[in-house]
Structures are given as structure tokens and as C-alpha cells.
Amino acid sequence: MGHAGKVKIAVLGGSGYTAVELIKILLRHPHAEIVAVTSRDAQPVSDYHPSLLGRLDLVCEPFDAAALKAKGVQVAFGCLPHGASMEAVAPLLDQGIRVVDLSADYRLRDPNLYAEWYGESHHDTKNLAHAVYGLPEIYGANVRDARLVANPGCYPQTGILGLAPLVAGKLIEQTGIIVNSLSGVSGAGRTPKLAYHFPECNESVTAYNVGKHRHTPEIEQALTHVGGSPVQVIFTPHLVPMDRGIFSTIYATPLRAVSEAEVLAQYREYYTGKPFVRVRTGLPSTKDSVGSNFIDLAVRVVRGKIIVLASEDNLIRGASGVAVQNFNLMHGFDERIGF
Amino acid sequence: MGHAGKVKIAVLGGSGYTAVELIKILLRHPHAEIVAVTSRDAQPVSDYHPSLLGRLDLVCEPFDAAALKAKGVQVAFGCLPHGASMEAVAPLLDQGIRVVDLSADYRLRDPNLYAEWYGESHHDTKNLAHAVYGLPEIYGANVRDARLVANPGCYPQTGILGLAPLVAGKLIEQTGIIVNSLSGVSGAGRTPKLAYHFPECNESVTAYNVGKHRHTPEIEQALTHVGGSPVQVIFTPHLVPMDRGIFSTIYATPLRAVSEAEVLAQYREYYTGKPFVRVRTGLPSTKDSVGSNFIDLAVRVVRGKIIVLASEDNLIRGASGVAVQNFNLMHGFDERIGF
Amino acid sequence: MGHAGKVKIAVLGGSGYTAVELIKILLRHPHAEIVAVTSRDAQPVSDYHPSLLGRLDLVCEPFDAAALKAKGVQVAFGCLPHGASMEAVAPLLDQGIRVVDLSADYRLRDPNLYAEWYGESHHDTKNLAHAVYGLPEIYGANVRDARLVANPGCYPQTGILGLAPLVAGKLIEQTGIIVNSLSGVSGAGRTPKLAYHFPECNESVTAYNVGKHRHTPEIEQALTHVGGSPVQVIFTPHLVPMDRGIFSTIYATPLRAVSEAEVLAQYREYYTGKPFVRVRTGLPSTKDSVGSNFIDLAVRVVRGKIIVLASEDNLIRGASGVAVQNFNLMHGFDERIGF
Amino acid sequence: MGHAGKVKIAVLGGSGYTAVELIKILLRHPHAEIVAVTSRDAQPVSDYHPSLLGRLDLVCEPFDAAALKAKGVQVAFGCLPHGASMEAVAPLLDQGIRVVDLSADYRLRDPNLYAEWYGESHHDTKNLAHAVYGLPEIYGANVRDARLVANPGCYPQTGILGLAPLVAGKLIEQTGIIVNSLSGVSGAGRTPKLAYHFPECNESVTAYNVGKHRHTPEIEQALTHVGGSPVQVIFTPHLVPMDRGIFSTIYATPLRAVSEAEVLAQYREYYTGKPFVRVRTGLPSTKDSVGSNFIDLAVRVVRGKIIVLASEDNLIRGASGVAVQNFNLMHGFDERIGF
């Protein structure tokens, strides 16, 4: 098989869960060719991820933007932790390599907000200024020509896409919105910690970072953009004992009496032509979307509140899948290719 | 070992999860002696529950109130489904046997409410009239002399005990309260159905009965009692892939600006002297309470909302444990005996 | 997208787990087009499998070989239970439709063995006579021209491929071989039963059908074929609390002293050119192979026994994946296409 | 409640899983009083184990044998890692405090065997010489007067009790015995490692330490004692995705043709009067024994092999429960007290 016409790709930070998911999607993508994976240790990618044995034969290399350029890399996917990502992006862009950054480093437009929520100042404000927030259903037009795409967070996508039709339609109060979210444990990354030690988190659920989770401003920024005026959410993440999947139950107060049918119609219209959003009449389960790039939405009206149920695979739709969707948009491919 | 002074007990409906939990607690209780277990099929209890092999040697018998009386039964615990329970209670009371009913049949004071939410009319309104709602922390004084205790539901206890201090203290708006609850699968009972088939519900979460769950009026009835005026909740149950445990995240709107410290103090004061309520500063995990009769509570104030986190074991605190707590109160024993 | 050159496919028995896995693989296959899914109830496939919403728009139809022929169906994949499959195969073959049958109906060459283990006599011995056992690594040459492929069982593939190099190399005693296997619960199918009710099988392991499992003769038939003389195994299946994955730990007695290196070399040689068998030095986890068509093998020599560890995804490699691998062979496609 | 007549107890190494299980059992024990818990950090026990909030109010203290003596401690339960335990035992015994040591330090009679399997030499051979291996069903008579009880390992109990009737009855070949064991993840302890990180080990099974696990010589030592001549086992541990439970499938070769009934009778006779061993006709599930001190056994004869199925809770029967059973024997209490 020749690789004529394939886009040459580097994956940065190859040891974690988003990297291995990304690699698996790209290996099936007809127009993508992974030519480099970076990591601190120069070991085979399949030592980190035995599932890749016999599928990807690369040895990890240290990050070096010029070396990647020399290999013909056209697009780099950043699977680095926030903070570290900021160090890699500028050299890549300087080499003319386009970047889809899966970290949080370029998501918040306002560097002060970044400093406030991430506890350190942003030191690549130059590139932050032109980064595009890569939520295709809302910012897709900007993604096409972006040199730097800030891939959206896992939780925020359920909150933003779950609320966008209501905010865009001026249907709800823009404060006091509750986003109650449940996530599988892979969302916490691959570094072992007591909280994610199997006998601790298995057979248990808990809330965490109540009122303090960093995805709060990300949700608000996009919804404020959609609504044209400030939107404020109360976001409560929970950890549930499963590998993957996010389920958000969202409560909003309508500005006037609405019927479930009317709300449903608003969602169907808003997402017309968006192949990865499924507006459903039945209640979604995360299992329906796990393994796919779909986000499932359902709406209910209960005792004067609108309840939105939103479900996705946190590693695919929530990270690596939407990254490939962005990649497709950046190259003029059909969004659905590779899935 | 003699059984002098032990209360003779029958367990009705021995095949399910609440029955086996109840039996395990009672087997350790120094003042309880199980003398009969009823079920449709006359097989050993340990055929239903192999975990009881070598611990309880009884063969199930068909329900017969007179036969139970003849065996000296003083208290019957009803682990029957709603509807069926209603048939058993009157004959037991007629025999002078006190009843702790774990079904929903005697929880709602208003038979119309029962008909509305359970879809059939109540046909033992005579006994409904004197039944006591057995939530010890609120109705404990009434439990002592009750002939019929309506053991509270699993979800409702988290909602009621999670909100009672706020409602009692007139701290919150009494409508628009959100009770977002997660339950392990044992809450669905022991009858196999597709929704609880392992490969369907494992590694998945979903909401169910949104806006329609029967525990809604039960929560409202108790909180209305506590507050002295109508309380309305929006209750959203979810199924999470674990055996047991309920975690409720509750959102209420304070009537005036409150601090977290103030709210916490209110909870600590309200639950002073209640040995099974643990008001905590850290966030609870269901694993902390599973296997015990504790209900764990924590409070947060976030962007103008009070968030209450409430956690319990759905089979113990949520059913069989609180039943034994009620049993203790009915006999003047220390509430904590048997745990 | 035109479908020129695609093979037209029917999936029979669309409601179960092997069907949905098969459909997902085929939807990504560049040379396959699903034109019909059969089931008793004429409902959309996505009603059975919400994960297929937006991906496969077909409504299930009752089984009718002539109607399938009229639609241009060239290959039918049978996802029916054993017994039922036998009814569908003959009419399909009569219509000139090739069949990959995922049931057990055509796996055992000897109809008496079928009667003995499945408790009913075989009533399509005519087609049984020419059916090809579709384990590509061993019978691949026969698959190419087969009209009827008996797709191999999930457990047997780990037993057969785990032992074939030893049996072929005349390295072990051919009786007393132990195949101790662990399976995820999806292997039990989609019909709810108490044994697979989440609160029963979650957080628990058990053995079942000890000495009586129907996959025993299937393992022995293939190994006897490989070895040229009777091979006898003791096969013990266990249920473990996970969705999917099979892990077999196999114990064999070498005929002479062997080193681990020698055994490993035998495996590497035997599986040269077999893209879906990964002979590994490290110990496999089922997670490495779940989601793929790989079977992972490792060998150890301990105190005079050869221990083989074999791992696979029971729904993909164990059923629907190997079915597509067979489909590829039947059409002269690269085995790896579609994965 | 007065504590007259209660045995004063210290728990050493209070931060792990065996400690918290032990504490929960002892809190229910009518003749036990926990007066000290030791740990490196002087924090409340309930900081390590929130489940103990409201149940045990102690603050951990550093280990000091004299200080424990001064508190009246009569028995110390050692929940320390191997190696560390060896440092604590001598000072305790010097103070006249009896010790139940849950580590592996005093299990192997032969210090050379310890050095071989644990990779360091034993430096308390003086006390090793009089330590009693605390498997009550076999060594119960010695436990009564022991000053130092070496509490048995989790896996070994299933292997030893699973095979003892066969070995004692001279029914099987004493080499080539296979002990294939599955364990829940709590068996690996509470220190976070990648292998026990939830998203790694959840939904996956694997074998580990094949042919090299340290419990091998422990099994062999006890069975050799029972049989009077050397017994050799091939022990293969596996990790399965559940919190607790061990399931061992044991394969032995009978010396002569035996029937299942005969083997079963041998087990029933051998375990007569042993309240914590349940010889069953049905196949056990770990769920039947989890939460209890029972070990469940079943036997099958298949194609000339005897298969024994053995199941237990690894933290209770496998560690803390059997420790309390030993405690009971040491004080002349009924073995069953506290369970």
C-alpha cells in the first residue's frame, strides 16, 4: 500500500489514553499516516500500549519540532498535559506544522481566566490569540483554516452542545444552570493515584471538585459566545466506576412555558446537518455512544424545568475523535471519515 | 445458646435482595430470632441465597398469618413487592403481629397520591391511616409505638435527610429543588430484565423515569411535613454500574446569602444525637457507607446555590438497615444495636 | 458514495451481540454493503441497538431466502441460535447465497457428536458434509471456496490456537490437557437470566458447566485434525465480571524436557504469516485484544508443565471478527481488511 | 457499655485494606476492644478509612511496643508489609504481647525458603522457630497456646483446604497438581500502581507471576505436612476486575479411579466440625462467600481428573477474618464469635 496523498502526522505524548485512542482512529483513516510518536522514553509505542502490537511499529522519540518537520509532518496532535503543551506549540507552528492540541492550554481566550483556573500564567499568548476552539458543531467554519486548534474538553462538549440550542433560542435563564456530570475513570488520565486505584473507585461513586472544576469557564465561554451575553453554569463532576463515558444531566429554567415537543424541535433544527449529534426521543445510555464520535442528546420538561440528557465517549467524542473530526475539517475531508 | 428474651421474627418474601440483607443483620442482632421466612416456593432459604448456607437453616413457608402467630412471631418484616404487601399487612395486624413493611404500600398518607403514582387504588386505607413513616431521624418518636411502620424508600432517605435541615431552617426556596440521584443496580430488585442484564448496564450510565419516579411524592410528603408548607422537588434517578450505593446531588436556592460554614453548622445541629447521620466536611463516596446503616452528608455553596451531597447503602440504610433501626426503636433498644 | 463492487450482505438474527458487532465491522469494510437484517420483529435495527442510530438505517425483516436473493444478497452471516440456524442454511445455499454461520450447527463434523452434546439430532447432514470449519489460521485454504463456513466458537479458538503448535510439533501428551477459561458475560448472549443479572454476576466469579461444556468436542476435533491422532481436553469455563474478553490458561505435559525458548520458537514459527495471532513474550491481558481481531498467546514452562496463556475479544475474534476474516478469505481480500 | 473482660487489642499498620476489615470485625466482637492503631502518620484512623467515621475514634500512633504494653494491649494484629513485620514482632513478644501476624514473615518454617522466595534473609529466626501457622482447620490445636500466629495467605488457604482431604486420604498424585486462582484487586494492597489503576485492570483479566508467586511454597509446606511427604503444586494467579474474592480451580490426578460421590464424602468427613468450611454440591460463586469467613468447596470428577472449586473472601477468610478466628482459638472463645 502506498501512502500517496496521505497527511503525515505526529502524535505528541504517546503514553496516555487519548494518544492510544487517537492512534487507533488514525490507523483506520484512509488519508492519515502516523510518522512519529513522541514521548520522554525512547521505547516502542506498543510497550506503552500492547493493544497496538502488530498495528503500529514506531519507537517513540523525544519531542523536536525540526526533526518532525524533517520527517514531513504536516499535522501534530498534542496529547500532552496542560502546561507542557504550551511549550510544544510555538516551535511546531514556527515550522509550519498545524496543531490540534488536546490539552486545555489554548481553550480559554482570556489568559487571565487561564491563570485564575489553572493556577499559572499563560506564556504563549501570541498563539493563544489565533487559536480556534475546536468544537466543530459551533466553530466548524473557523476550524477549516486554523493553524492551531484547541480541541475541546470532554465534559464541556456535553454542557455546550447540551445547552446551545436553548441559549441560541433565548429559551432559558442564563444563570443558575446546573450541569451535573458523570464520568468514567479514564477521564482522570493514566497516572496511578489512590483515588483511581481499583479497589477505591470500583463499586463507588463520588463528586469531586464541586464548584471548582476547570471545565466551568470553558463551558461558559462557548455558551456566552452562542448566546451573545454571559452564561453562568454550576458544574458538578462525579466519578463513576466504568472505563469511559460521560453522562450529563442538565437543568435549565425556561423564560416562558415550553412544551417538550417545542424544545425537541428546537434541538432537531439546531443540529440539522451535524452528523455526530443524535437528538433522540428515548433516554441515552453512555453505552450507546462509547466507541463512537457521537454525542447523544435528549430533552424533557419536568415541573417547569428543562432537563437535557447528554452522553458521549469521553476519550473519542470527548477528545481523540473530535480531534480527528477537526483534522477532517482542516483538510476539507468529510467530517465522518475515519469513524 | 438459648433465645430467652429474643424477639421472634418473620421475614416475608425471602427471595430478594432486601430479605437477604435483612436476614444477615438480624442474624447478628442479639435480641432477634428469625423463626420463619415466607416465599411462594417451599425451598430452603439458602437455595435462594447460598451466602446463608450454614447460617440460617430455615425452609421457606407460604404466607399464613395465623401460622406465624402460632410460631410466636412478634414482628414481621415485609420484603414483598408493593401491592402484594397490602394483602399481608391486615391479617398480620389482626393477629397482633407488628409489621415493618419495606414496600411502598403504606408510605404515602394520601391514598389518592398512591393511586396516582402507583397506578392502582389503595385497598387497605384502614391500616394506612395509622401507619407510621419509618424515617427514624424525623419520625422516630412515632415509630416507638407503631403497630405498622412504613419503611422509607432508598432514594427518598437521601433526599429527605439531605434537605431537612434546610427546610426546617427556612433557608431555601421550596420549589425547583433538584435531587439528582445515582443508584447501584441492586435497587432494581432481583428479577432479570434486559435493562439489568450485565452486558447492557455494566460500563454504562443512564437516567430513567425522568420526572416520573414514584419516590418523588414520598420525598415531598416528608419535606412538606418538616417545613410545614408544600415542598416540590425535581427528582432524576440514574443507574450506575455497581451493586449498591446511592449518591444524591441536591441543588437548592437559598432565600438569602448564606455561607458554607453557616449551612454546615445548621446540619451539625439538626443531626445532633442522630448516630446514623454523618455530617462530613469532605466529599463522601458511596463506598464509605456501603455495608453500613450510615447516611453521609456534605454541603457546599456554589455560585448562589446550596449543593448537598448525600450517600448511603441502598440495601442497608435504604431498606433493611433502617428497618432494623425501626425495629430497635419499636422495642426500646439502642438504635445502634445489630450494626 | 456509490457501492460499485461491494459485496451485498444479509445479517440473520439481528438482535444479539454478535450481530451488532458484525454490523459495526462491516460498516467500516470498504467492500461490504449490508442490504438486509432479519429478525422476528419488523422494527428498525437501531431499536435493538441504539448505538447504530445514524449509522445503519435498515428495518429488520423476517427471514426469507428468496427475498434476500432478490435483493442481491451474496453472503449471509447467521447470528441465529443453534438449532434455528440449521433451518436457514439450506434455503440460502439453494438460492446460491454463501453462508458464514456463527452458530454451532455446522462445527462438529460428526452428527452423532452434535446429538450427544447439543441434545438433539442434526437435520441438515447434507450441508454439514461440505461445511468448512472457519478457523482461518488452520483451515484457511478450505475457507476460500467454501459455500458454508461454520464460524468457530469463542472459547475453542483460544484452546485450538493455544495448543496447535504443541500438538503439531508432537511436543505434548494428548490426554489430560487442561483448558481453564475465563469469559466476560457477553458470551452468554443477550437473553436476561438470573445468572447474568447485574447484581448476581457483578463482583463475582464462578465456574460453570464443569466437564460438560459444548465447546469441548469442538476443541478436540480441531486439535485431533492438527495432530493426526485423538486429543482430549478438560475444559473448564468460568464467568468473570466484565463485558467481553476470554482468557484461557492451558496446561499441557511435554513428552520430553523442553525450554521456554524452544516452545516460544515453535509458536513463532507456527504462526509466521498469520496477521491476527500475536505471539508475545509478556503476559497478555484481555484488554490488549478487546476491540480487535487479535488473539494473543504467551508460553511458560513451569515445573515440568507447559503453560499457554491465550487471550481474545470473545465477540470480535471469538465471533464476528473472525467471521469477517472468513468473509475476506472467501472473496480473496486481504484478511486484515475492515479491522 | 463497660469493657470488663474484653481483650485489649492493637492493630499495627492501620492504613491498608486488611486493617480496616479487621477493625470492622473487631468492632462487632463482644470480647474485643481496640485500644491502639499504629501508623507512620499520626492522623485519625478515619482519615485513612472514612467508613470508620463514627465507629472508631482513635488517632494512629507510631509503633512502640512498650507504649502498647502500657495501654494494656494483650494481642497485636500485624497488618504490616512483609519485612516490616519482622521488626515489630520481637519487641511485642518481649513485652508479653501475643501476636497474630498477617504478613508472610513467619509462615515458611524454613528460613532458606523465605530467602529464596522473598529475596532477603530472615532476621528473626528465633521467633520463627516457635511461630504457629494459623490455618485453624489444620493447625487449630497449635494455635490455642501460640504466642505468635503466622496468619495464612489468601491464595494458600484455597489451595490447602481445597486439597487437604485428597492429600490426607492419599487419593492423588503429589506432583503436577494445578492450582489456577483468580483474585479480586484488593489482594494487591492499597498502594497505587499502574497495574491496579482502574482503567487498566477494569474490564480485563490477566495472569501474573506465573510459576513465581510466593504463595507456592506456603501451599506446599502445609500440604506436605498434611500428606507426610512432599507435595508440589503449579500455582497460577490471575487478576480479575472485582474488589474482593478468590476463586481457585484445582486439578489433581487420582491414584485410582474415584467417583464424584466418593470424593465428596471424603470432603464432608474431613471438614466435619469445621464451621467455616462449606462443602457444597453446587458450584460456588465468590459472591456467596464475600463478606464472610466461609470457604466454599465443591468437587467434580472429569475425564480422570479431580477438579476442586474453592472460593473465599480474600480480605476476610483470606486475611482478617481468619485472624479473628485465630484470636478466638487463642482465647478459648467459640471460633464463630464476631462473624
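Which chain is which? They are A, B, C and D, in the order written, and residues in each are numbered from 1.
By our rule, a residue touches a chain if its C-beta (ideal position, glycine included) is under 8 Å from a C-beta of that chain, and two chains touch if they have at least 3 such contacts.
Note that this is a predicted model, so its numbers are computed, not measured.
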| item | value |
| --- | --- |
| Farthest chain (mean CA position) relative to chain D | A |
| Mean-CA-position distance for chain D and chain A (Å) | 46 |
| Centre-to-centre distance between chain B and chain A (centres being mean Cα positions), rounded to whole Å | 40 |
| Interface hub residues of chain C, defined as touching at least two other chains | 184, 200-203, 241-244, 284-285, 287 |
| Chain contact graph, described as a line, ring, star, complete graph or other shape | complete |
| Residue numbers on chain C that touch chain A, as the complex places them | 24, 28, 50-51, 53-54, 203, 275, 278, 280, 282, 284-285, 287-289, 291-292, 294, 296 |
| Chain B residues touching chain A - in the complex, by the definition given at the top | 175-176, 178, 180, 182, 184, 200, 202-208, 210-211, 232, 234, 236, 238, 240-245, 247, 249, 251, 253, 283-287, 290, 300-305, 307, 309, 311 |
| Chain B partner contacts - residues on chain C that touch it in the complex | 17, 184-186, 190-194, 196-203, 241-244 |
